[in-house]
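Heads up, the next two complexes both have subunit A, just with different partners, subunit B and then subunit C.
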Partner chain A sequence: MSDIKIDQILDLKGVPCPMNFVKTKLKLESMQAGKILEVLLDDGEPIKNVTASTKEEGHEILKVEEKNGYWNLIVRKSR
Partner chain B sequence: MSLKEDQIERYSRQIILPRVGGKGQEKLLGGKVLIIGAGGLGSPCALYLASAGIGTIGIVDSDKVELNNLQRQIVHDTNTVGVAKVESAKQRLNAINPDVKVKALNMRLTSKNITDVIKEYDIVVDGSDNFPTRYLVNDACVLEKKPLSHGGIFRFDGQAITILPGKSACYRCLFPEPPPPGFVPSCQEAGILGAVAGAIGVIQANEVLKYILNIGDLLAGKLLVFNALDSSFRQVKVPKDPKCPICGEKPTVTKLIDYEQFCSIKKKKEE
Partner chain C sequence: MALKKYNETELLDLRTGGVLKQIQKDYFILRTRIPGGHLKAEKLKKYAILAKKYGKDYVHVSTRQGIEIPWIHIKNINSLLKDMKKFGILKGACGPRSRNLIACPGSSVCRFGFVDAEKLAMKLDKVAFGKEVPKKFKVAITGCMNSCAKPQENDLGFQAQGEPEVDLDACIHCTLCAKVCEKVCARGKGQPAIVMDKDKKPVYRKENCYFEGDCVRVCPVSAWKTKKVGFKVYIGGKVGRFPRFGTEIAEFVEEKKIPKIIEKSVEYYKEIANKGERFGEALDRTGLKKAKDKIL
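Up next is the complex of A and B:
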């Protein structure tokens, strides 16, 4: 899993819920199907909620990983 | 068009919704809606459409705000009593959302001018309070193939239907001709609970939003009937009438008609 090719990165550290999901959703809308987005999120509610909501929208969660106090969410855009 | 930072924040709670998103928000911002009447139905409808970010809202009305309007016409307020309703509404809508371009049309619709007025809009909301305008708006929308949300209120009852000309029933499929003048209750009798107007006006706003977003099912071919006393909503199926005088197989109404104003009290005051 370490050779995932990231197409876009979105740094949402410090962005509260639900704006972090709104920004993630808008970014995914602007990307082509199959492309991969990495989102940087705070610990707690942000990583939980954004992961769940993004999954609910039908995108594929490739990886959720903690990194020095924040989280990396890696998503493949569907459709 | 791409959303600015403050727009993302303003509309975030609807961008979040499945089937809306940024693309849906852009559709709303590109949408053009004409509201006929800045009264009991037009007020709540206009407030929600402006809040949702409908890019262009036209409002037609020829009256001024009166104190007795404020019980239900919630786009106006005590400070705008005496001001043209369309100007009062424009001030309020601009205060809510500067993204919205409000066109204040201080005029009376007639068979001569209505076609030009509705032409540039995506959908029309009828919030008028009289039969001549209601039939004029229905006929103009059917002839121009312009989608129309009809709303009506009386005392504790309200109704709404959405008309997709050529596809679903029009107002004349339901009520082919206006009632004769003597049959219509006088304006004095026609009391109304403000919240009933609010409920129906908001239903109309919801129809407009779904139409522009192209989601869900419209009240096309379905009359929604609300009773405030028992808090009931029911839907009555309304098929397209092949004998309808305007949208039927052999239409007898082929041009617009200016019916007479029935309410003598109102007429005296306006003249």
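Up next is the complex of A and C:
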């Protein structure tokens, strides 16, 4: 999956729910449609909730991957 | 002005109409019902008018999704009932009859809901409300396994559930489905319903599924979808002085069967219960097997 070009990175490790989703949403709103955001999230509720909520907002999720104790969520901004 | 004297029959009539005596002399509480808890803003204004005109400018929001207006003086009851009718506000029940059917919002707004429980409750009001019964009879409908409308605490409860299925071609092998399954299905059933094989592909084992939909919600690419929706049915639940959870008697019951199940449950309750006895108490004597045969 090294062909995905990441435009922005948001490190939300240590940021609790629902602030992590709010920050993700605001970041996506500041970006142009089609641009790609990588979000770093804690294990447990954060990765579960932010993934579900980002999907519900209509963005395209390209990849969800566990790294060393945290998660990478890669999202393409929708219109 | 001399006050009208009410005899026992008239008092009973007032009670069935949702008018309850307060502890204070000459004052009554008006109990209304709001099927499914869905109340138009315009009608809410009418409640305000009544509370100002007849009560003490406040209402009590009941635990059964009704609004009660206390401090109605006995001489104003008739005129209040007229106004209430004009405004299209529905009377609640007291005494030995079935009560307001309660519901959570369900899928109308809630991300967990499998069905629009609120809309369903409004539709079922006619079937469930105001039937003469030995004690009382309460029905609840809830849109998912979170049980917000507490179907287990009602004489008859319906709880929506959903069976998931996975499209492996769409799967991106993130493993989140197995992760959420571990938290819910594994807790409810002892074993998770979703496990990952060595290629990080989900393997679904229906016998362990709790049918609550977390896998569908969390799946980033919608590879998990809800295949089938139905209702768990609980009977005999109550709270009161001697609480008792309802017993599950069926799974994945179709929505269109609900009106018949309500009717038959009320009928069976009347058949088996002594005066003053709740459904669950009567079921403790007569057993579940016969109840299932009669109701389902």
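In this section, the second predicted complex is superposed on the first by the 79 of 79 C-alpha atoms of A that agree within 3 Å, B and C clash if a C-alpha of one lies under 4 Å from a C-alpha of the other, contacts with A are read in each partner's own complex, and residues count from 1 in each chain.
To be clear about the criterion, a residue touches a chain if its C-beta (ideal position, glycine included) is under 8 Å from a C-beta of that chain, and two chains touch if they have at least 3 such contacts.
Everything quoted here is computed from the prediction, not taken from an experiment.
Per the definitions stated earlier, placing subunit B and subunit C onto a shared subunit A by superposition produces a clash between them.
Judged by the touch definition given at the top, the superposed model places A:Leu26 against subunit B, while subunit C stays out of reach.
In the superposition on chain A, A:Pro18 makes contact with subunit B only, while subunit C stays out of contact range. Of the two partner chains, subunit C is the only one touched by A:Val64; subunit B is not. Using the contact criterion defined above for the overlaid structures, shared-chain residue A:Asp7 touches neither subunit B nor subunit C, since it reaches no partner. After superposition on chain A, the subunit B segment that clashes with subunit C is 223-231; the remaining candidates among 7-15, 61-69, 223-231 or 259-267 show no clashing C-alpha atoms. Counting contacts by the rule stated earlier, residues 56 of subunit A appear in both its interface with subunit B and its interface with subunit C.
Those residues of subunit A lying in contact with subunit C across their complex are 47-48, 51-52, 54-56, 61-66, 73. Subunit A contributes residues 18-19, 21-23, 25-26, 29-30, 53, 56-57 to its touches with subunit B in the complex. Put simply, subunit B touches subunit A in their complex at residues 3, 8-9, 12-13, 15-16, 18, 21-23. Residue ranges on subunit C touching subunit A, taken from their complex, read 111, 172, 174-176, 179-180, 217-222.
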